[in-house]
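Two complexes come next, and they have one chain in common, chain A, joined by chain B in the first and chain C in the second.
Then we have the complex of A and B:
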């Protein structure tokens, strides 16, 4: 199991054609994430971290290089639904109930109604939203909506989770609570996670490893193993290593912001 | 506690205000009252114009004489409103069929325009220039092609109704949040699944706005198709003969116009009902 690769990028570059010329958004990124690892990517806006995530999801294709997800090329991984993507916005269908939103992936896969509802209810239970199955998204708070979207991601039981600033729009208290819930969820499911964030403390709290990227061109400038006792709890934030990691990453981020802009 | 009681007392007090009384009336009674108010207002404006400009009763008949005309007998001895009702059915059939044709083709063209760049380049100029065709001018040709029956009405009404449906469908689909489509792609959903699960449902409120406009156009289309030679029934035919006999009986023209308005209102109401049944629970989205 530990030899398996969760995510792998080999010599990945991405060039965008813009009206003012070409833009090197991602520059020769090499990254290997063992199965079951939680990796966060942090960096200034426009450093290509979301682009990198979208390329893993096969929503965008690299200009050079190749990407693997769960030991498969990313395009094949998408077709076989080896990953689930969580967006910054909950991206729910506003006219469908919580239950139907969570069951949507299974419906697209052609599963029967009974199985869909059984699995969806299980996932709704997992994210602590029992009793809200028949509500519509607008009747829920932002944090609850994002929980629905995480439940939806979990219904396909993906070995890999790709999360693009999923808690970016939430207030800090809700965000801390969601962080803890994500940790608890993963304690039983052990998915490989790639997590994009702007928050240093969120990255340190959640991750086994944090990657710092610089902008233009988007490059990996630091790759830090997070050394914190497991399981992660509210206590983890008080651990001396926590603040040490936060300080170190903040230093790298300052470098990333000061990097020469091409 | 006392504050709560006070608020309760306030709301109880509200029930006796005119607002409260109105709230207790049946919705149907309320719309009847509203309709009567509108009718009386229109009659008042009508009569004011007649008096201010001193129009003769041949140029502009009185509102009351138009009302009376509905209950008079025509040359075949038929009461006029019954005669009108029969012709409303004839024109209405063409209008409704044309609306269905126009809505279906409009939504289909809207989908193509919104989802395919080649189609957008090929179709959009065609769709827009089609709207500038003076339909009254080519109506005789259409009647020559398709005869004086329902088919011509359906074709002309369809031609007039597809444009609002196409434009609102295209615009609605283009405004679907891009992440919703990306989400579907991560599930490897097919083009058709994405269209029917996400794009069309998202666009539906806007599509219905277009269909309401289309519904009004459909009646105009059906009547235009009745104006050329040869048609025997329909509101358009009555309008034509009313033109000829305007100096003798100007009232019949206005009666027919009122009948046309009723038909239009009925079809628009049908679209609204369909909208309420399909997207009625979604007001919070728009």
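Then we have the complex of A and C:
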């Protein structure tokens, strides 16, 4: 891993205005993720995980503090397309074929048809969906749709991937398979990844580090290095360190859930 | 099983309107027959159908002229709606003002617009097209604006991709609005035919359905008038059918169950 910064949050807080008053969603978050690291963020529902991710993506702005993505302020990183965002729902454009959905970021960047179709086909191959290029999104299963959205995110070869519970709506078996595919993809792509999840085992299996957030207002209450042998495979889940990490994170989460929300 | 359920679907869908229409025709036919109503007052349905068939080619010619005027007016209103809604939808204040004006303009009767249009365009096709455009624009505009102003998670996707205005409009806003545009066309197309015929009735080209209805009505040619009314109904239904086919073409990206 290089010394470059993949993601950085400095004193980040976020206050939302609601009809009943203000709501502190994220409170003084400081986080540094070296380039190439896979970090998962886990915490109780409503703790501000997704808000933090959206602030990194410049889709929301922080009330205080600053965020950097690939050594740039998050707003500049968005304009320079230094990250790709994978949403909880696949957010495919239903009127476009798989090929055109995957090629969309390149189209927006002004690349020619030939080039964008060539890259899109490579990415579709990478996520194992060859033969489905001309299908429309509704003709695919939920897992396949999410693979298309990951392929779309990879087309611009961004240095940073921001993933907001991308496998949250999938069944357990498909989810495990997608986890393995993401591990395999990362072995070839080497991006910095910030991954939001509710699944402890998913976070431990995928990550180099797991950050645990408290119940609202979201603060970082634990930052755990995951030392599992590489490459990660199905057997990694049977490694003694795996269950030790799962148990430790579960302990932090139980404390977070039991703490009174503000 | 699949074939059977399809049959049941069509029977349950088509049977009620066919039955209602048949009952209506039967009552009409019986009333004229048993009350011995004169053809000048109210011709029986079978006589109207006979007149429609025997005068088909003339009615067909008039209907095509009427369709031409209605289609040009509908096209102009749709284009105008797309341009104005397209340039104002991002400003909530401006689009809100136009939305209110359009809602008010929907209540404007054709007869009120007619004298104004004839002052500017004279009596003829130009005036009829202008009346249809003015009458249809508020309906189309409201549908198109609602489509353009729609929000989905795809907007956040476009934001994250740092997409410019052009790409947002062409790749997201416009295709996302197709269902609204089609709903607008389904509502507007038959209305455009009605407005055209009413405007022609007050004074338009001689070889149009509206003018023919006026002429035959003032000459007490009730049967010929009813034949033209039937032709107007057929024209309205044909236009609605065409719009539904276009809608089906543009909706192929939606699952069949939608």
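As a convention for this text, the second predicted complex is superposed on the first by the 261 of 262 C-alpha atoms of A that agree within 3 Å, B and C clash if a C-alpha of one lies under 4 Å from a C-alpha of the other, contacts with A are read in each partner's own complex, and residues count from 1 in each chain.
As a convention for this text, a residue touches a chain if its C-beta (ideal position, glycine included) is under 8 Å from a C-beta of that chain, and two chains touch if they have at least 3 such contacts.
This one's a predicted model, so the numbers in the text were calculated from it and none came from an experiment.
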Fit or clash between chain C and chain B when superposed on chain A: clash
Chain B versus chain C as contact partner of A:189, first or second or both or neither: neither
Contacts of A:93 with chain B and chain C, given as first, second, both or neither: both
A:108 touches, of chain B and chain C: first, second, both or neither? both
Which superposed partner A:63 touches (first chain B, second chain C, both, neither): neither
First, second, both or neither for A:199, with chain B first and chain C second: neither
Residues of chain A at both interfaces, chain B in one complex, chain C in the other: 57, 59, 78-79, 81, 83-85, 87, 89, 91, 93-95, 104-105, 108, 136, 138
List of chain C residues in touch with chain A within their complex: 153-154, 156-157, 159-164, 167, 171-172, 175, 178, 252-255
Chain A partner contacts - residues on chain B that touch it in the complex: 177, 179-180, 182-189, 193, 197-198, 201, 279, 281-282, 284-285
Chain A to chain B touching residues, read off their complex: 54, 57, 59, 78-79, 81, 83-85, 87, 89, 91, 93-95, 104-105, 108-109, 136, 138, 156
Residue numbers on chain A that touch chain C, as the complex places them: 57-59, 78-81, 83-85, 87, 89, 91, 93-96, 104-105, 107-108, 136-138
